[in-house]
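In what follows, a single structure is set out as structure tokens and then discussed.
Going by the order they are written in, the chains are A, B, C and D; count residues from 1 in each one.
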């Protein structure tokens, strides 16, 4: 930046570097997406095309910022996990979260016509973002488990809610009907009343999307194409199996 | 957010609310725009269409966040000033800066075809953002003066640089030639060698863009259309005249 | 600090410099002083000697840190106001608050025998501290007014409470009796029942202590002795009069 | 605190709670102790009585704040390690560091006559303090190793320096003589010139002081007296042996 007698105002900028050796999670969340979704006539409770667009934007972010080891998305939110040793932008929280949310949003708008070719973008979408530190693997995995448990709870609830509404109940009646009910009750309701087997819903709806780099193979660990391949899965990341299968993510 | 045994991880989120009664500036800055500009064949040193797109995106942001009193843009950066009494999102820095940068970027991509109809978007652009507090009008005005002084210094330098390059010098030679030169020298160079009168360059290039709400008129202070009208100007905001003409901005 | 391979741990220290051009208030507060007071048999509700000791310690702090412009004390708390332009220790909050609370506590213990010669120190006293920024004179003065209003409210309440207790009521009964009562009622109670004219209580009890540097005189503004003289008063600092009389404090 | 219309100023206080699940180190450091030491004629380079006083004050702090698991002191500094799960004062950095430094300083002044009975306190001593987070055992142990390595380096240097000065060199000459020398050279110098075997200096000088709670015994783990017993040692805490012997400290 050019120098002038006004340059002293730069001293008002605070240092917001985050603690070393902690995992840094940047989580994005759509602003006013209930309205945004309705305005574009997206499917309820989940729209496969819109979710694919989220995944597409997430991959754009991960290709740009290679220190992101894993990302998890559901509904209108996405979490990106920077490696605990990243030195990117001096670990400044505002730099990391602003670049991630900006690139994600740009990709979301840019690739909208690819994923929703028959739906014109009517409004300018936007996302908020925050950066959170987790000091060890346990708390990081609990963070990701928290988001995936949220996916399940929300999807099950919303599937019931929209089934009730589509069968003639008002939104308020549906809400009242579901208040305080447990998982087993909701599964039963879906099955008995609406012939929906919750466990047969697309995995993307029930598990969200997990995006990570393909593990290096023993045959050719240095292969460029391998190293740069992203995997998008809709698997359980709460249990140990996933982490035992892909130990390179947290290593 | 749905509840689960993992919900404790929310406690790792830090409170980043900024000091009350301070002006909050959110400044965006294009990431890698030298390359981005070259990839799209934009005019050097300034591209009127690209600057118009920045102004267009800035207006989208101001229409959404009414507590922004004034914005200033130049080149690939834009600063937005939230009123010192704003209570938006509890004054949390990450919320404010992420929403502004996300909406700005989304609008930038969405309106690209309107402002640059003959240039296809080849890359996903992105911006970083930071939030800075200024505790009084003096420091806020010095901040804005800092950015406008920067506009002048950069535009004058870049105009010389590209004139030299376009006349056959290499980039390195041009840089060497201009090293340590003063304003008067550069004006003289432009005029003598290239018949460019610096002061006749478009005001947008020399002064940047200042965006603010039209002041209420005495005739009809409550007129909705008036209140919602944004003005985009390319005037001096360093001297007092501008602030005396529009006292409502800082009031 | 000596260098070694472990020196990298210094990078975990966060920068906690506070915003420039804001007044910095460091407020100390006695930890567990209800018990501490009882253990030493101090007078209820206010002990002149103990308050003098607080003032003595405050002066020690102000003699050491000349950028403190004014201090205000009541009961077991003291607030110190660093000038908004202070550059002391790079304005790092932890440096400023730790040095102030450490020196204050040291002086409190050191000068205890001077102020309470007949009472042996039985326990090690300690104070917590925090640093708070105020961006303008209005909010700083409101802060000081807040503390002085607190002094009045507490002293009046405690005077009533102890008068009731000393006249035979239990602590619980006294509390119940005073619950929700207004200023006028309490003044009346003191006067009618206990022949105490609240306004004749020592000003130190009702107004707290305000400590500041003697203003420079026109006769000899550079006189060293004058410049280094501290004034301890028990005056109203809520109204304008005090600030009009001593404009040098905030200048 | 009593309520009044000024109470809004409390909103200017920032939340400074530190990240959960991190070790919290509060380090104190004497302000101007070179002068303070000289003013009281303490022994050079290390004064056993003054170091004992530091250890005494540290024990006072640990008896008050039971979540401190270990402390390490050398020269005029002391570090206190709060357990990573402590919830004390909501983990607010300013609360923790101010209470520790205040209590430490109070104890330092209070117990001065016990440890230095023949030396009257001439000045009010004070300490600064900071709080630093360490996210795992490795970085915490490296922090403590950093301080103990510092102890060795400083003590060896200072022992040489004062031996040279006491033998007739000026301070500047001694400094010049030692500039850039290695450990082996300094040990040799002490031994050859001054008949000092560095390794026979008191362990307190070479290793500093480590203070921690006695481990629970299998015979009577709930014995109150045991649980409340502090150990003060001058042992190596850089190597693993100490931590293997006392695994309860970090558990």
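In this section, contacts are C-beta pairs under 8 Å (C-beta built on N, C-alpha and C of every residue); 3 or more make two chains touch, one makes a residue touch a chain.
As the structure is a prediction and not an experimental result, all values here were calculated from the model.
Asks: Relative to subunit C, which chain's C-alpha centre is the most remote?
Replies: Chain centre farthest from subunit C's centre: A.
Asks: Looking only at C-beta pairs that count as contacts, which pair of chains has more of them, A-D or B-D?
Replies: A-D
Asks: Over half of interface residue numbers shared between subunit C and subunit D means same, under half means different, so which is it?
Replies: same
Asks: With chain centres defined as C-alpha means, what is the inter-centre distance between subunit C and subunit D in Å?
Replies: For subunit C versus subunit D, the centre distance works out to 30 Å.
Asks: Need the CA-centroid distance for the pair subunit A / subunit D, whole Å please.
Replies: Roughly 46 Å separates the two chain centres.
Asks: Taking the mean of the C-alpha atoms as each chain's centre, how many Å separate subunit B from subunit D?
Replies: Computed from C-alpha means, the inter-chain centre distance equals 50 Å.
Asks: Among the residues of subunit C, pick out those that touch two or more other chains and give their numbers.
Replies: 12, 14, 19-20, 133, 139
Asks: Please give the residue numbers of subunit A that touch subunit B in the complex, ascending.
Replies: Going through subunit A, the ones touching subunit B are 1-4, 6-10, 12-14, 16, 28, 31, 60, 64, 93-95, 97-99, 101-110, 121, 124-134, 139, 142-143, 145-146, 149-150, 153-154, 157.
Asks: Please output the residues of subunit B touching subunit C within their complex, sorted ascending.
Replies: That would be residues 19-22, 133, 135-136, 139 of subunit B.
Asks: Can you name the residues of subunit D that touch subunit B in the complex?
Replies: 11-12, 14-15, 17, 19-20
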